[in-house]
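Listed below are the structures to be examined.
Below are two complexes that have subunit A in common, paired first with subunit B and then with subunit C.
Right after this comes the complex of A and B.
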């Protein structure tokens, strides 16, 4: 066991930190320039990128809590990776400041003139107003910060203290955390994304955003696992058995996302009420139609057929490709949710890239810091040995 | 090395392979206990009530029910959705928990799968008799005919026909495939010729050889894969019966996952209710232990909370929509003429399962028995609230009417329990109610490392 423990020492070189920090600085600086050139474009690109990374962080939080709640064994070797991925989540709160300072440019409901002239929006003003929006935003991040800190602190303590009570404590945090998670994620999705088109509403929206979040997190985990292995890190710890299990989850959540997306579409299409169909019509006009098709095929049809065969889940080359693909599609998904509120036609901007790289650099910098500052797996977790040996 | 978290073994007491066979086969081989006869008598009486109610319905027509204008869907549809929902636990246990490698399912899967089949049988009665001229119910199937009549493929009511019948067939196959090794055991233990022949035919030549087991396990895995989407699809389709319409309270996008969560919720409640009774009567508390029940209660807490989430989101979005009809519907549900039903629903489905946050209550048989009954009631009321409250207050106030069931609505519903329990009692009397072959795999002896230092109680070799 002692031998094994030394093998889990973080051995990532500092170069990753420098790359992440470099990406963050360059990305954020260029985005800052963009702000002065076209503030509205900047805001929408920024929101897309911010929601993209926030949802991945939330996916990681969900992964960790689910692991504790169900008493999973196979995923113990992956737990620390997810814990490192959620480090960056609370930090992202800071990046909401530019949006808070320019609310009327992003959210039409925050514009008093628009609000006053719109009977429907006036009815919602008890919920859709800037102070309450800000308060909720702070509350979501406070909840996530507390959950991430508690889970990471207990996890760190477990590395030096092998008492079983820590496992129990993490379970308790996860149980309460799951309830808070469901509520905060749903309302965050309503606030940040759904209210961009403030007239429109859909009860499944929160679950839809959750499905995409967890799917993207799984794709990122697959990528990280395979990347580490190709560098010889954790080679005999995270095995192809874990790849297979991750692949199965990726497949399952591909279907789950498709199920949510289809439920939302089918019911609105069938009901054919103009207030509801308008949202899909915006996404079926002109070049947006292409984006919608890319999403249907890219986020569901292609991954479904690629991930279907059993053998594929143990083929690193294919899994890397599909992992990257799904991460890209998650961005298309968020873009597709956000951008029709700004552009009537698909209009890619260089700021879409710089904001994504900039915020992503910060998010991943925290990830690599975790990977370098503590063991790569929870070395004292009582289920670790079983997890390493687990068979898919 | 850290202190391992001790996990309680699944089965309590000392068991051996032959002991399990003897115990479970014995239930079907010995004379049935007196409570079984009493229960069968009661179930058969209720079954007669069902036959009588349907007979009078055929004779007189659906006018004998309480349905009126605008409430054209009354108890029949409520009962249909309720029974289909109950069926979902069986498939979740047999398919999804199998894929998730949850080995605690082995003690309860047979039981729950049988419950699924019988619950669907009860469910299928209601849409069948609800069509009015039930001798034409076969028109629901796309059968070529000289009149050129064809079902409307865009109608979710037709999707139901396919979804539920597919579900029934897949569940039946799954249940039967799982039964084969145990049927062979019954065949081998049979003392009389006729039993030997019948179980021999049913066991389809099972000899328990290595190759047979390999094929069997592959078939079982594939069936689990096929059944898993069905767990989600069936109740999603049922939810579209309501959600594709534009009636406030019915037309909302969260319906498919919300219905699925509710179905699993009610199904597990029914499994808990039946398990508690069965393990008492047949003294199998050491095979279906409190640990199994506790795990089921956790799923009840989870799915109950999902249902609570859906209630909350629906209510919030109804307000947020700014649509006065949506807003009216939900305020009417909570404070209108059917408020009593709404609050029964909230109490039973949202509040009652919260007791399962506490380990002591989760493991208390009386608590979980009462809670499971409440949940069964609550989930019936959920469907009642959805069906009736929205219809009774439609867009034109001049149409509004209050719906109450007639005696025939009540007798048909109560009678459906007769069908359910008759089938169930016959099942536990004549077939192995616990999967002997599968339960044995969680015994320590089934572990290839049994006796080696790192093997763990419960047969896990991690």
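Right after this comes the complex of A and C.
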């Protein structure tokens, strides 16, 4: 038994943590320099990177809650990994400060003059105002912080206490959490992304952002699992059966993302009302059209056909490549949502990279801290043995 | 219908205690070289396909083909109706507005694929099947309750009533019963 427990808690080298910390420091410092050179570019790059990592953290929260809610068995061996990816989520709240301090530069509706001269925006001013925006932002992160802490605390307690009541408690938290999750994620997407173009609205927007966020999380999990295995860690615990299951989910959510993206487009295209179509028009002009095509093919068509055959889901090399690809495409997706509000043509900036690396360094540092501070799987979970043996 | 004389053995049936025992037995029957055998359990057992040495079903390819045919005929129908047969301007959009055709294309593709999956599955596994030698065994009603059975049919080239009976006993089968016509 003792041997088994040490197998679940290998000595992980601190190199990944050092790389993450280094990336965080260098990325954030360079981004800080960017702030003084071009504040607007900095803000939009910052928002893109921040939303990118926040959505991945939210995807992890969803993974854990879904696991508890449905009483899943196959994913017990992956649960701790998702729990570790959640650690970074509440921390990201801090990075919203630069945006809160420069609201008028990022969100035009927060300019009193713009608001006053615009009939449509005046009508929305009860919702779109800086104090309420800030309050909502705080509320989202409070909800996420509470959910992440509760789920992680119970999970830690379970490692030393095999009482079934903890499983039940995590399930109760997840039941309430799932409802809160749907509301907070949707409104966060409305606030942070949709309100960049405050005239425009789409009710499916929250689901669209959710689809991308869970897809990116799955891609990241695939990469982590395969990376650990290539170092011989958990190689008899997380098997190719789990790879297969993850691959199936990745395939399913590729379709779900495409379904949501197309549903949003179809209704707006059909209705053909200028105040709705303008958003797609911005993204179908000049170089943005290229970006839209890259997104359609990169986020849907290519992964769809690559992940289609059954055998591919058990090929580590292909799964690694498609995992990286989907993570890149998720960034293109967020970039495509944010940047047309700043640039009329696609205009990549070095700050897009530094902010992504900087915030990602912090996010992943918290991930590796979780990986190193506790066993890599929930060792007392009653479904663990079944999970290890589970067949896809 | 040809009437077989009573006492003609159509196969053998053996009972096992648990799903795990049934999987282990299936592996041994497979390794012994029997082809015409089947396993019966009240519920699906996850690793049974490999244990019985079943090949992957060709159904996926058939369904895939049906999906392609369905989707292209769905799209083709809409193209024909709105550009050739009865062109009509709808809200100022081009006659061939593929965006509007996606839901129907998808729907017809799924419809044909799903019906093909059902019909193809029935055709490939030979259901519904009103007769099978195992129905002669009284204990077989347990297969829908708590019994796990292996049956080997008499027209398997390796089948020999005595030796196959001994074999089934040797792999742990209980209540080994010859399936005879009454």
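The rule we apply is simple: the second predicted complex is superposed on the first by the 389 of 392 C-alpha atoms of A that agree within 3 Å, B and C clash if a C-alpha of one lies under 4 Å from a C-alpha of the other, contacts with A are read in each partner's own complex, and residues count from 1 in each chain.
Here is the rule we use: contacts are C-beta pairs under 8 Å (C-beta built on N, C-alpha and C of every residue); 3 or more make two chains touch, one makes a residue touch a chain.
Being a predicted model, the structure only gives us computed values, none of them experimental.
After superposition on subunit A, the partners subunit B and subunit C collide with one another.
In the superposed model, A:386 lies in contact with subunit B only, and not with subunit C.
By the document's definition of touching, neither partner reaches A:132: not subunit B, not subunit C. Legend: residue contacts after superposition of the two complexes on their common chain; A:163 is shown touching subunit B, with no touch to subunit C.
Once chain A of one complex is fitted onto chain A of the other, the partner contacts of A:297 are absent, as it touches neither subunit B nor subunit C.
In the overlay built on the shared chain, the residue A:182 is in contact with subunit B alone; subunit C does not reach it. Of the two partner chains, neither subunit B nor subunit C is touched by A:305. Of the two partner chains placed by superposition, only subunit B is touched by A:255; subunit C is not. Ranked by how many residues of subunit A each touches, subunit B and subunit C are led by B.
Once the two complexes are overlaid on the shared chain, A:207 sits against subunit B while remaining clear of subunit C. Of the two partner chains, both subunit B and subunit C are touched by A:266. Of 44-52, 170-178 or 242-250, the subunit B stretch that intrudes into subunit C once chain A is superposed is 170-178 (criterion: clashing C-alpha atoms).
Applying the stated touch rule to the two superposed structures, the overlap between the subunit B and subunit C interfaces on subunit A comprises residues 266, 270, 272.
Residue ranges on subunit A touching subunit C, taken from their complex, read 262, 265-266, 269-270, 272, 391. Interface residues of subunit C facing subunit A in the complex, by the touch rule stated above, are 46-47, 91-93, 99-100, 102-103. By the touch criterion stated above, subunit B contacts subunit A in their complex at residues 1-5, 7, 99, 229, 232, 236, 240, 243-246, 251-257, 305, 309-310, 313-314, 317, 320-323, 357, 460, 462. Those residues of subunit A that touch subunit B in the shared complex are 1, 71, 73, 119-121, 123-124, 127, 162-164, 167-168, 175, 179, 182-183, 186, 190, 199, 201-207, 248, 255, 259-260, 263-264, 266-268, 270-273, 275, 380-383, 385-387, 389-390.
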